Amino acid sequence: MTATIERPSAPSGPPPASAGGTTTRSARAEGWVRRAPLLPALVFTIVVTQIPFLLTIYYSLQSWNLVRPGSQRFVWFQNYVGVFADSQFRGVALNTIIMTLGSVIIAVVLGLLLALLLNRHFIGRGVVRTLLVTPFLITPVAAALLWKTTLLDPTYGLINFVLSPFGASGTDWVSTYPLASVMAALVWQWTPFMMLLLLAGLQSQPGDQIEAARMDGAGAWAIFRELTLPHLRRFLELGIVLGAIYLVNTFDAVYMITQGGPGTASANLPFYIYQRAFLGFDIGQSAAMGVVVVIATIIVATFALRLVFRSFGAAGSES
Amino acid sequence: MAEVEFDQASRIYTPGAKPAVDKLSLTITDGELVVLVGPSGSGKSTALRMLAGLESIDAGSVRIDGRDVVDVSSKDRDIAMVFQNYALYPSKTVAENMAFPLKMRGLDKSERAAKVAEAAALLGLTDYLDRKPKALSGGQRQRVAMGRAIVREPRVFLMDEPLSNLDAKMRVQTRSQIASLQNRLAISTVYVTHDQVEAMTMGDRVAVLADGKLQQYATPSELYDRPVNAFVAGFIGSPAMNLLDLHREGEGVTLGGTDIPLSREVRDAAGSADTVTVGFRPEDLSIDSEGSGAGVKAVVDVVEELGSESYLYAHMAEDESTTLVVRGPGRTTVRYGDTIALRVDADAVHAFDAASGERLA
Amino acid sequence: MAATIEDTPTTTAPQRVEGRRRRPGVGPVLLTTLAWVVAIGFFFPVLWMVLTAFKSENAAYTDPPTLFFSPTLEQFRAVFDAGIGPYLANSVGATAISTALVLVLATPAAFALSLRPVEKTQDVLFFFISTKMLPVVAAIVPIYVVVNEIRALDNIWTLIVLYTAMNLPIAVWMMRSFFLEVPGELLEAASIDGASLGRTLREVVLPIISPGIFATGLICVIFAWNEFFFAVNLTAANAGTVPVFLVGFITSEGLYWARLSAAATLAALPVVLAGWFAQNKLVQGLSFGAVK
């Protein structure tokens, strides 16, 4: 139950307040008093996040390349046409989808397995959990660097060392499988997050249900299928949605491991846009791409958020 | 010490919908312990919270010592409340919890310590003053909540189901402690509970509420002996009174082949009504365990042995759907499945209008 | 004997003892071993990084990789010689100040969305999350242009402002969930005890949510410290943060692995320590407080 603090001469029935339609002067003044603490954060956020976005739209309507100063002029939607005609853009968009969905799904599956492993008491459980969480905490840039050098390097990397008995030595992972290399680093970093999330889900499952199911004669697999998975469903949804949100914006790993290459084989949208803007100096085009990405994100996010809100109730917290 | 008055007080959440508290009027005299009792949804907690200032008063007024408190905020009403879940401040020790209201009133450290020590001694909390709530048992927390209330010597005590989170034994023990404490301090107290046993044992007067409306406001014995409607009759007393809709015949009603006479006043009040709701308590039935004598024949379904007495639940031989409860002796020989004959003591019968439930004379 | 995989989706109450006394099966031991193996496997790259940081360059660059070596601190010294100092200072400054700002702004905002809710609470909450969902990359261009115009490129305060905006939504969501955990009865009791709103907040609410404030701060520290995109595009030598410093290792210093590992260790250390402290709160913050 949301808590409310009583104020004199103000209707304070069941929260949230001001459910009625009356706007007496004291009720309106009360409204502003309630809003006041919210305003600094709200205003700050609006200014810092919305203004740049509006400017992006503005720039996207212009042809503007920093290398050619003075050539700035309005071309309206020409940039957008350019975006969709750009075959590289399409390839990069596809990369982004593969990278995001692939990493998320693998991380979720691995995370689930790890969570199941950790969902029992054993010696050193706390230490194990701490060890497993660490990859997520490493600064992404440092992690990417780590993968690129000590792990994926063709000659001296650990991966090739470990795989050499199986005859896979000498592979230059970064050049041959750029997308997979980036995804490996991402999965390594994000599996712990999924594990923690799903572990929380497993531990919130009421023990009595499982005991009742056992009495009813259900075996381990049946319990998992019929009870655990449905219970975990909203955690899985949350993990996938959140993972996708964070991962679609990945920049650090691409930058550090492959620089988007070879060519744009492993570039994702954020990196590609960055390239266009800061390496190609094409402000107009990159802005248009940014807008397209934003619109796509809004569409996907509206569905995703509805999922998140539905799973956890509108109050954002659930018992 | 104060007089509390509810004057047509109402709490309406949505205009047009049924009020949670509907024109409640009752007066609590100085030093009295009044219990508000009723099933859940009856409005008893809401009424208490209106008095506390935690719910607004949408119509009518609530007065403390003659002063209308509708515009007075909780902290200025000079009341103290014991919550159902105790609402102790988790980060403070027992002593700090009890001293908090005094701190809010500006008393200095030594004064606070003195009053806290006094209240703690009264409640047996002196050894726990340095503990935090999470290190206390349920009963101890309850006492701390009471201590926080009495330390201020307010005008009115409010208690919202303070015993419902205690186990059965603690409940009985604490009940009498609260009652004796209240007698000693002589502070007007409004006590809310859903348990009619608590109501009957603790209240100087008891107000029975249902659906937001006051049903009856009287002393426990009056509620028991002369319930003003069928609801109060069935609510007060455990096990509940037997309430049956019976057909008029001659100078009374019939039940299972026997006649139960009704007094002249009752018959006049009933007018031409065909059916009358008749009530009789389990102790007003006598049993002929041989089953052969005159009386209503019934087959025993459950025998409850309580040591000092027993209660028999039996369904009528004639009408399986009607169950009667009768009080029997402590060592009853009646068993499950036995047929017994029951006779109603006509003098102890209560009669209510079959349609409205109101008492007929 | 069937491996007792039954134990995997087991009862969750941690203190409960398994009622049955069974012969200790092979299953649990296998699972425990598996857990350990996997954990070490996952952790190994980190371990390798830290080990390599203590190697000399020759030892770092061997085929097959060496596990035993004589440790040296020379890489760390080299990293400091290469100038990581100012970058560390910048990271500390940007992180600390932006986190403080976030807490100062987010706490009253969260209060206004929970205990004394404004009318449009749901809309406001939605707005806050939506700012996190939009790709940052879309805004970088105008931000760069604006920052350039006001000559705030390579200025630590630019980062501070951006990091504050970046972390505010999460902080508001997290703090709100902590506020909501305060039982309503406590506030009512305080009110009846004579406490004004301000005193109630100070004396009753604050002690209860202080772990929450700490957790929120921790999450903000982690995100601010690790942030790369803004830092790399908007700063250079003056205001560069530690992640920016690491960039140098993929170009000119590409072959100095031991030194690279030392730098990476230094870069990652504060956050790893912070995260080890508060693993659960981490998830809570990242999932917008939805998971308790």
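Should a chain be cited, it is by its letter among A, B and C, assigned in written order, with residues numbered from 1 in that chain.
Please note the rule applied: contacts are C-beta pairs under 8 Å (C-beta built on N, C-alpha and C of every residue); 3 or more make two chains touch, one makes a residue touch a chain.
Worth saying up front: this structure is predicted, and the values here are computed from it rather than measured.
Trainee: Which chain has its C-alpha centroid at the greatest distance from the C-alpha centroid of chain C?
Mentor: B
Trainee: Weigh B-C against A-C on C-beta contact pairs and write down the one with more.
Mentor: Between A-C and B-C, contacts are more numerous in A-C.
Trainee: Calculate how many whole Å lie between the centre of chain B and the centre of chain C, each centre taken as the average of the chain's C-alpha atoms.
Mentor: 55
Trainee: How many Å are there between the centre of chain A and the centre of chain C, using C-alpha atoms for each centre?
Mentor: 14
Trainee: Could you pull out the residues of chain B that touch at least 2 other chains?
Mentor: Within chain B, the residues that touch at least two other chains are 53-54, 73-74.
Trainee: Out of chain A, which residues touch more than one other chain, so two or more?
Mentor: Residues 6-7 of chain A each touch two or more of the other chains.
Trainee: Where in chain C do residues touch two or more of the other chains?
Mentor: Where chain C meets two or more other chains at a single residue, that happens at 183, 186, 188, 191.
Trainee: Which residues, counting only chain B, touch chain C once they are in their complex?
Mentor: 52-54, 73-77, 79-81, 83-85, 87, 89-92, 100-101, 104-105, 148, 152
Trainee: Would you mind writing out the residues of chain C in touch with chain B in their complex?
Mentor: Interface residues on the chain C side: 183, 185-186, 188-196, 199, 203-204, 207-208.
Trainee: Going by the contact rule at the top, pick out the chain A residues touching chain C in the complex.
Mentor: Chain A reaches chain C through residues 1-7, 15-18, 31, 34-38, 40-42, 44-45, 48-49, 51-53, 55-56, 58-59, 114, 116-125, 127-143, 145-151, 155-156, 158, 161, 188, 191-193, 196-197, 200-207, 210-211, 219-220, 223-224, 227-228, 235, 238, 242, 245, 248-249, 251-252, 255-256, 269-270, 273-274, 277-278, 283, 286-287, 290-291, 293-294, 297-298, 301, 305, 308, 311-312, 314-319.
Trainee: Under the definition above, what is the set of chain C residues touching chain A in their complex?
Mentor: 5-14, 16, 28, 31-32, 34-36, 38-40, 42-46, 48-49, 52, 61-65, 105-106, 108-109, 111-119, 121-122, 124-146, 161-162, 164-165, 168-169, 172-173, 176-177, 180-184, 186-188, 191, 197, 200, 222, 225-226, 228-229, 232-233, 242-243, 246-247, 249-250, 254, 257, 260-261, 263-265, 267-268, 271-272, 274-276, 279-280, 282-283, 286-292
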